[in-house]
């Protein structure tokens, strides 16, 4: 499909950019403007989804120049699902932020959030590895600025560490781009997929880009920056970071491994699998040891990200789909957990798990949201997490690599342990009961909506699986 | 061994030098300098490989590097502002959990002490 | 003729490298900034020589920008970053 | 090697020698003020002679005007910076060197 | 001819080794100020390297941004860092990281870095001498791009989408900084006769040169970013001489200027889409003038943005008359 004049892919990128400019120019109406634009962006993503489901994968040549010279936008099942989960979580978080931020902080939150949304939409649509570098940089800086919005000592320290790690990751990635460009004369992913052969430069590029993206995805040995950053950020920002921003760099890694680095990567895939398994276990154990709720959820993110990397050593179609399914359901569940934690923090003024004072009775909606999200991250039946884990187990058994099955099951048990630890404490009465601030209803309902969406993904699994096959991103990278 | 290959190797070594300094030093300003040096290394590599010998003039790496330079200065400016805010909040321009022995290696030579010590000698 | 331009450019580069020693040892901050100021001028001269060598007029714009901005860093030093305690 | 080429080479060498003088002065002199004095030599005379040499080779008058503009700018920048540095150095009590 | 290659070889080796040595000394220096001055010298030599690598556009950008702005930015940050030096006494307690930071860790680090260097060098040396990247495609489409300088054509036409996102990165940096700090610049102290004269002479010339770079960008080295950087140098010079934008300017006019470049870029491409062009596609006949329009807006916006980055915070018009502004006032210009 060549470049027709008006394209919904472009609208999905330009709308949040224009929204950011407007929110910055008119701070007084920033909140309402942001909300209206959030609905508009979600609407345009839905129209794009409709278009893609009818016409299949779309390639749009920006500026009409075509692949090697210009930049292409490419949307297939994989990027469409990522765009939709960003739109859904983004919309709900926007509604949540209407009530969460006071005027002073709101002025800064909305332009930064809209630029973050622009970066994510641009990243999921781009088919050009240098363009992905610019979107990665935009994403990293926006995320850091949003974390620093919380203003406390630990938030600023975590934001500083996150910024340095993000810049290091981007530079490693850019070095890989330089090597690939000078090996094959193009930076377009599709052309690279055709021209790539295994030379030392490609191995070096693969290693550098993978390490750079692992820094940004916070896989096990490189995860040290994630817990403080995601725990000390404001609640809606933590939800966005854990659910979406961390997944964006995983998406690029997935895209590169599927198309550019597909031949000579069996050994490296095993390494990623081992690191993923270590992340699952380490994240689970650390989450058990945490005393603060947000730190627990942040370490649970580290663990859940580990699951996504178990897909690489299996590398069958079922495994890729399982990984994507886990990614989508984790995004919804994690966002719901962080929003629920934000409600609990607003309510009690603290998030120490031991002193959760009858939260179940006094904040029923938030705790239900947390419990439902917990169900999905544990992988209990009737949840998106269950479908994902089931497919992953199936793929592991089919490929005969049974040890990943053990890791998945132990990970599920650990998740159950730290979730029930929190839910248990929320029924008890804390020794020091303190006055509680009422939590706006809209904040509780938005957490619940996301948790229900995570569960719904378990019930209606056929639709996402069908969308995944558009453009066959996993099957030999045909476009 | 054309001179452009030499610049490419210089770029690679600058990248590694910056990476070592980024990990080694505790003071954030020095880490920001390290990130800038690494960026210059990558840009040098990007252009040096394109300039190889008899090839025609390839403008795409040049455009990439200009984009990279602008991205680098915006990242540096944000990092400096964040460092100053962190310093004002925590009293020290170092990442939160820097170990004491790392700190001791930085602090005695804090700029103001060194300048005054020097000045005494010179006056 | 070209060899002369490149030889003088190389010579200037070597004087610049020699000047670096002052930046390292220079007791007061002013010495270091002076050395940086000299490097600016040396760089302008080098760029102009290379511009003549390569017959590329746009390099003269680079020298012009160097000349313009030589003052900015130095003024920033004088007005802001000079912390000598007498 | 026409006459202008020889003249250019001579001017370039003279300019280079002043740069050398400036650098040696920067390294050898005992305090800020004398180093400053040496440094400005490199700027005005060193660069001036070099630009004169290059101007001879220039293909059009606009290039000569551009070179002249660059020289004037460098003079302006280095002299004012020199003044600023000296005034601030005195405020800070850096006393000139005495044998 | 032989002496020329020998001399250029010597020039390259000297420049390369000096760059590496400077980088090492700048990062390893025990005094931060010395590190910054060495880093400024590093920027100068990088510009020389770009000239040597036949990249005038990058040399211009490096000269304007690397030598001028980054140096001023770092020195400004160092000043604010030391302005708070007295406050270092109330140091919060630092959680000691587990004591694995001993020699074994740095040994491992050095080993990993050596492995990285070997991998990189092996990859670079083994790179096949590629034909010529995308120069063929650029050459044949240059006429339709509206400008004759291939780098500007790539930046503002072939890969205009990158430039759009990159200007969003610049805007994001300003937004981040404005959300981090408030700057209550006290009325700058008197600049003194010489600095005043210097700024009076330099500022108009800087603006003239910025306009020239903008114009020359279409056929020779130059363009929006270099012009914007020179404009920013003007802004920085004015700020350093104690000039401050009036209270009227600090409100929405400043915000408008910050987004002006991006807004014009998006507006132009949306209007073109109404006439049937695809996103960021400039019809060849109009391409030259449209690119110039976008470049003017971009240069202006980049100049104001980079100056705002140097300012380091959200300028507050006047400190509220009722006593000191709240404690978190980060104005750094202690009279030295």
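To keep things simple, chains are lettered A, B, C, D and E as they appear, and every chain counts its residues starting from 1.
In the analysis below, contacts are C-beta pairs under 8 Å (C-beta built on N, C-alpha and C of every residue); 3 or more make two chains touch, one makes a residue touch a chain.
Note that the coordinates shown come from a computational prediction; the quantities given were computed from them, not determined experimentally.
Enquirer: Steps needed, at minimum, to get from chain A to chain D via touching chains?
Expert: The fewest touching-chain steps linking chain A to chain D number 2.
Enquirer: Find the chain most remote from chain D, comparing centres computed as mean CA coordinates.
Expert: A
Enquirer: Counting C-beta pairs in contact, which two chains come out on top?
Expert: The chain pair sharing the largest number of C-beta contacts is B-E.
Enquirer: Compared with chain C, which chain's mean CA position is the farthest off?
Expert: A
Enquirer: How many angstrom between the C-alpha centroids of chain E and chain D?
Expert: 28
Enquirer: Taking each chain's centre as its mean C-alpha position, how far apart are chain A and chain C in Å?
Expert: It comes to 48 Å between the two C-alpha centres.
Enquirer: Could you state the distance in Å from the CA-based centre of chain C to that of chain E?
Expert: 19
Enquirer: What are the residues of chain A that contact at least two other chains?
Expert: Expected reply: 130, 134, 137, 141, 144-145, 148, 153, 175, 181-182.
Enquirer: On chain E, where are the residues touching two or more other chains?
Expert: Correct list: 8, 33, 36, 52, 54, 69, 78, 82, 92, 120, 124, 127, 130-134, 138, 158-159, 162, 166, 169, 172-173, 176, 180, 195, 198, 202, 205, 336.
Enquirer: On chain D, where are the residues touching two or more other chains?
Expert: 73, 76-77, 80, 84, 88, 91-94
Enquirer: Help me check something: in the complex, which residues belonging to chain E touch chain A?
Expert: Those residues of chain E that touch chain A are 92, 119-120, 122-124, 126-128, 130-134, 137-138, 141, 157-162, 165-166, 168-169, 171-173, 175-176, 178-180, 252, 255-256, 258-259, 262-263, 266, 270, 273, 276-282.
Enquirer: Which residues of chain E touch chain B in the complex?
Expert: Residue positions touching the partner: 8-9, 12-13, 16, 19-20, 23-24, 26-28, 30-33, 35-36, 39, 42, 46, 49-50, 52-55, 57-58, 61-62, 65-66, 69-70, 73-74, 77-78, 80-82, 84-85, 87-88, 90-92, 94-99, 101, 106, 109-110, 113, 116-117, 120-121, 124-125, 127, 129-136, 138-139, 150-151, 153-155, 158-159, 162-163, 166, 169-170, 172-173, 176-177, 180-181, 223, 225, 302, 306, 309-310, 312-313, 328, 330.
Enquirer: If you look only at chain D, which of its residues touch chain C in the complex?
Expert: 1, 5, 8-9, 12-13, 15-16, 19-20, 22-23, 26-27, 32, 35-36, 39, 42-43, 46-47, 50-51, 54, 57, 63, 66-67, 69-70, 73-74, 76-78, 80-81, 84-85, 88-89, 91-94
Enquirer: Spell out the residues on chain B that touch chain A in their complex, using ranges where they run on.
Expert: For this pair, the touching residues of chain B are 15, 19, 22, 28, 31, 35, 38-39, 42, 45-46, 49-50, 60-61, 64, 67-68, 71, 74-75, 78-79, 82-83, 85-86, 89-90, 95-96.
Enquirer: Mind listing the chain B positions that touch chain E in their complex?
Expert: Touching chain E: residues 3-10, 12-21, 23-25, 27, 29-30, 33-34, 36-37, 40, 43-45, 47-53, 55-67, 69-71, 73-78, 80-85, 87-88, 90-94, 96-103, 109-112, 114-115 of chain B.
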